[in-house]
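There are structures below to look over.
Each of the two complexes below includes chain A, the first together with chain B, the second together with chain C.
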Partner chain A sequence: MQLLFFNVFNGLLQGVFYALMALGLALILSLSSVINMAHGGFLIVGAYLAFTLTPYLGFWGALVVGPLLAGVFGLIVEQTLVRWLYKRPDPLYSLLLTFGLALIIQDLTRTIWGAQGLPAAVPEALNQPLSTTLFFITGYRMVILAITAVVTIGLYLTLRYTLVGIRIRAGTRDLETVASLGVNIYKLRALNFAAGCFFAGLAGALASGILGLTPPMGDSLLMPTFVAVIVGGVGSLAGAVLGGLLIGVAAGITTTYYPAASEAVIYLIMLVVLVIRPRGLMGKESIFE
Partner chain B sequence: MGKRVTRREVLKAGLGAGALALGTPAILTYGQGEQTIKIGDIDPLTGNYAAEGESQIRGAKMAMAEWNAKGGVLGRKLELVVEDNASNAGISAQKAHKLIDQDKVAMLIGSVSSASALSITQVAHQAGMIFMVTGGHTDPITGSQCHWSTFRICTTTYMLAAGLAGTLHKKFGGKWYFLTPDYAFGHTLQESYQSLLKKLGGTDLGASLSPLGTNDFSSYLIKAASTNPDVLINLTDGQDRINSLKQAAQFGLFKKFAIGGGLSELEVLQALPPEARTGWATLEWWWDQPHTPHVKEWVAAYQKAHPDGSYPSARTWFGYAAMHSVALGITRAKSLDAVKVARVLEGMELPPEVKLQPNRVYFRAADHQLMSSEFPGEAIPDGKYPNIFKVSQIIAGDDVALPATATGCTLDYPA
Partner chain C sequence: MSLGPAGFNRRHGILILLWAALITVPLWLPHVGGYSALGSKILIYGLATMGLNIVFGFTGGLSFGQAAYFGIGAYGAGLTLKFIAPSTPLAIIVGTLAGGLAATILGPLVMRRRGIYFAMITIAIGQLFYFVVVRWNNVTGGEDGLAGFERQPIHLGGYTLPLDQTRFYYLVLLCFTLGVILMRVLLHSPLGHTWVAIRENRRRMEFLGVRTDLYVWASFAIAGLITALAGTLNAMLFNFTSPQDLHWILSGDFVMMIVLGGMRNFWGPLLGTAIFVIAQDYLSSVTGNWMTFIGLIFVGIVLLFPKGLLGMVDRGARPA
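Then we have the complex of A and B:
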């Protein structure tokens, strides 16, 4: 019983992390209708930049600047490549483009930083459990929880109360009308894409504290991120958070009883959701129905 | 509108240039008078074992450069054709077919994952081609699923376990829980540890099987901690080992019980922050062997070829030994005929400048397993790369391998 409680709690903490990764993906998907297969690429760009900057800026400085640079990189990619595809209604084009980008970014990372993993470290104070019984609650995981909460609430407030946010929300419903009202939707989408890449970079920088910092790191995180978005509902940011938490807890519970299926269970949940409610738990009726 | 046309033109031009670049080298290759001997190398460049794969390729290329500098093999230059298998067994088989049918390679080397290696051994065997397994450890490769066409450089999972189990038992106690990667390598390595634990009279507390490529080990670690082991035998490798050790360190588990066992590598150790770089494990080669001839020179040669501040790892040596074995086999057989080369390789001893370790290193004739040494020892948390592991002893392969009669291997030479 204690084991189950531990695993549910632990699953929630893991789910928070999936949610953070899913936010950026959901943001880009909802406004730009770009299925960003290169999300994992932006993740490692943020992680590697943060690692490289840590000696100069310290852990916290790098945690801010690394993801910001990933956002700038995202902006450049959007301006040079992605925006040419907005005119094409078929999402296949952007899917192929970003898939190619994912491969290129991973290979560039390997060329620049090498295939060998880098020893990304976490400040000593965060790098230990807060209590001996609940040893899986570490300072670092609390930081991730806090950052995810701040980011989610901040994003919610931005979308709800600022002009840019209101335009983005309007744009996800009906981009043409927003454009005809005189809003520069190209700028809007560029900003949105860059913000999505910033969140990817942030999640990546945080992930490198728990995982090995290697070029394929983004690949292995991409799938749970996609599952979180699909389960939670495409186009819904709250859904992305919910989806992340749900698969985290499900994986935790499965581990208690049948560990070998803990990876498979998240896909099983996705399957069930897609069959019963294709738009996802909190998704709007559009892309998949 | 004008802009759009220009872009299209640029694209077309780019495509044309791309097609040109794709087409040219093939024509050039066949245009050269002397044909090279192609060696197909299937290694992971992406995925869980990408770092290990790159090291193996570096080693193979070093050996190839040495042979080519001396004029090649049978008067022909060697050429390495590298394919990425992403440590996926299905892709491995596809790539093996591609190398055999399209590239017309003479022999195959490579692979890190045991599952990939097993899948390539099948394809190579059907094609009647020698496959020198560089780095897949599971026992059956030179055991129950051995073939006349399969040779293996890295040690078996049993040898890995036998080189360390006694030390762990003596130092930390006999209650063991296993964290095991859920595929061929993990399964056989766990069986080996369990059989040795039984002999030592210890208690087996159970195992958690984690899929290859697991990110989050927290739930496995919670389960492991709930059994209160003396030792958590961590059998993961590559990226999985980095992830699990990093997370175990953050959970403070190193203070609760010993974590050790399995196979570690320079690639893994260098990717770990100090607090996670601890515990006992087995390596299969180490760059710092002050009393072994040729090692210092070889490390220097590696660094000259790769001026990125890195040191060669066991994987680099695997690749190096694999390529040398293949080239030596062909040279001594004076032929590319697979059966003839296989007969030459049986029992062949690696010369000192290739074996780079103190003990006798040779391909056992009965199962084609290279008898190379184990280097068990302890990671050094506060060490600086490359001084991050202390080898406690170098054990000869003969001393830890199962006798050839107990491996379940019967070689199936064509009649």
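Then we have the complex of A and C:
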């Protein structure tokens, strides 16, 4: 029983990383119609920058600045490269461009920081288990859950109540109309892209304390993120979070009973969802069909 | 799309040159710095990308998980040779059918999707097979890949043909030719014309009463079958196959090869594949950062030459 709870909790943590990644991916996907294959690249940028800055800014400072720099990096990439593809309706090109970026980022990360994994340090105070029976619940893990909850609710409130958020939501429905109402959609998409990359960077900075830092870590989190978005429903941010948590927990439960299938199970869930609900759990009919 | 007699002749001339070059590869390739396995590899990957282009370039489905069927073909062939029977033709048949069957079974999940959604689902489905292969250690060899099998001599009515590197190239060329004939027959049939029409305007085809999803399904299945055929040959070229043969990175490479050569042209994928494989082979021999250069090629092609090399030469969207 305790083993099951242990694995469910670990799965939940994994799911949190998937959910953060999926949120960023879904933001970019729904406003810019870009499948960001470099999303894992932004994750490692956030993670490695946070790691590098920790000695200067302290643990908490790096946790904030690393993801923010990932967002800035995303903004630069959007302004210099992705922007040129908006006038091409075929999603193929942005897919290939970000695919190439993913290769470049991963390779340069390996060159700069080395192919070996780096130990990301978590403050000793946060590494203590909160109780002796539930030894796997450490302060750091609770911090991860809390931060994720805060930023997810923050994103929800921003999209729901602020002018920028309302414009972004309107843009995902009908970008042309939003543009014709006088909104600068180029700025809107740039900001949105940067926000998506910030979420990837945050996932990386948080995950590095648990999974360690390696150049391929972005890659290994990217595919489950795709699954999270598909399971939740393409175009639905709430669905992305739900999908991420669901597949994380499902993988955790599977680890208890049949560890070898813990990765395959999330793809099986996706197949089942696609058969039963072709648009995903919370997906609506959308521009993607 | 009127082709003057002069254009027609030129086209035939280029095709004759192409086939002459392919048939004589073992004679000239070593003199220009290549090795015979490189020729086989280009032809194998070319067959895979030309097969993928059936669904990608001609039907308009952004299939981004094609390495899965390549890998299923490879593992199908390898496992057949290792565990079932030491027969090269049997390995080819089993691997090809396995990949084709997988694509046929999964086709219904993607056949109604378009654009981005099609791409995402095909990528994710592809990874399912990757993890099955990685985790099913005792059969597939897991992360280390599948070794311990060898392509076998072919028996032709009492005469035994050992498959050295050169003879194997001709076996690859034979399979490639059969694949090309199959694809050209299909693309020139009503089925092929329907595919192109779906690519050009799917909604209009639906209004005309065409069950477009079934045609996309057929396209996806045939693309999977041909890619799997290429996969079986790849496994036997190296007498080895690894999970990298099913990874989404390879799927992305396949798509890039097609775009590089020109996805609207029947031969575009082969040209793109030749350039890509040679570039990768060269770059990885001179720099440890070859991935960065491959990535730069991606970015550069997308921004500067989105139509690909053959796309710049001819503007028509005709099959071959």
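Heads up, the rule we're going with is that the second predicted complex is superposed on the first by the 274 of 289 C-alpha atoms of A that agree within 3 Å, B and C clash if a C-alpha of one lies under 4 Å from a C-alpha of the other, contacts with A are read in each partner's own complex, and residues count from 1 in each chain.
By our rule, a residue touches a chain if its C-beta (ideal position, glycine included) is under 8 Å from a C-beta of that chain, and two chains touch if they have at least 3 such contacts.
What you are looking at is a predicted structure, and each value in this text was computed from that prediction instead of being measured.
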{"item": "Room on chain A for both chain B and chain C (clash or fit)", "value": "clash"}
{"item": "Chain B versus chain C as contact partner of A:Leu108, first or second or both or neither", "value": "second"}
{"item": "A:Thr214 touches, of chain B and chain C: first, second, both or neither?", "value": "first"}
{"item": "First, second, both or neither for A:Pro278, with chain B first and chain C second", "value": "second"}
{"item": "Which superposed partner A:Thr138 touches (first chain B, second chain C, both, neither)", "value": "first"}
{"item": "Touching partner for A:Gln14 - first (chain B), second (chain C), both, neither", "value": "first"}
{"item": "Partner chain in contact with A:Gly154 - chain B first, chain C second, else both or neither", "value": "neither"}
{"item": "First (chain B), second (chain C), both or neither touched by A:Glu263", "value": "both"}
{"item": "Which of chain B and chain C A:Gly61 touches, first, second, both or neither", "value": "neither"}
{"item": "Chain A positions touched by chain B in one structure and by chain C in the second", "value": "84, 106, 260, 263-264"}
{"item": "Chain A residues touching chain B - in the complex, by the definition given at the top", "value": "2-3, 6-7, 10-11, 13-14, 84, 106, 110, 114-122, 127-129, 132, 135-136, 138, 140, 210-217, 219-221, 224, 251-252, 255-256, 259-260, 262-264"}
{"item": "Complex interface listing, chain A residues touching chain C", "value": "29, 33, 35, 37, 81, 84-85, 88, 90-93, 95-97, 99-104, 106-108, 111, 223, 226-227, 229-230, 234, 260-261, 263-264, 267-268, 270-271, 274-275, 278, 288-289"}
{"item": "Chain A-touching residues of chain B, taken from the complex the two chains share", "value": "7, 45-48, 50-51, 53-54, 182, 208-211, 213-216, 218-223, 225-226, 239, 242-243, 246-247, 249-253, 256, 267-268, 270-275, 277, 308, 310"}
{"item": "Touch list for chain C against partner chain A, complex", "value": "62, 64, 109, 112-117, 119-121, 123-125, 127-128, 131-132, 134-137, 248-249, 252, 255-256, 259, 288-289, 291-292, 294-299, 301-303, 306"}
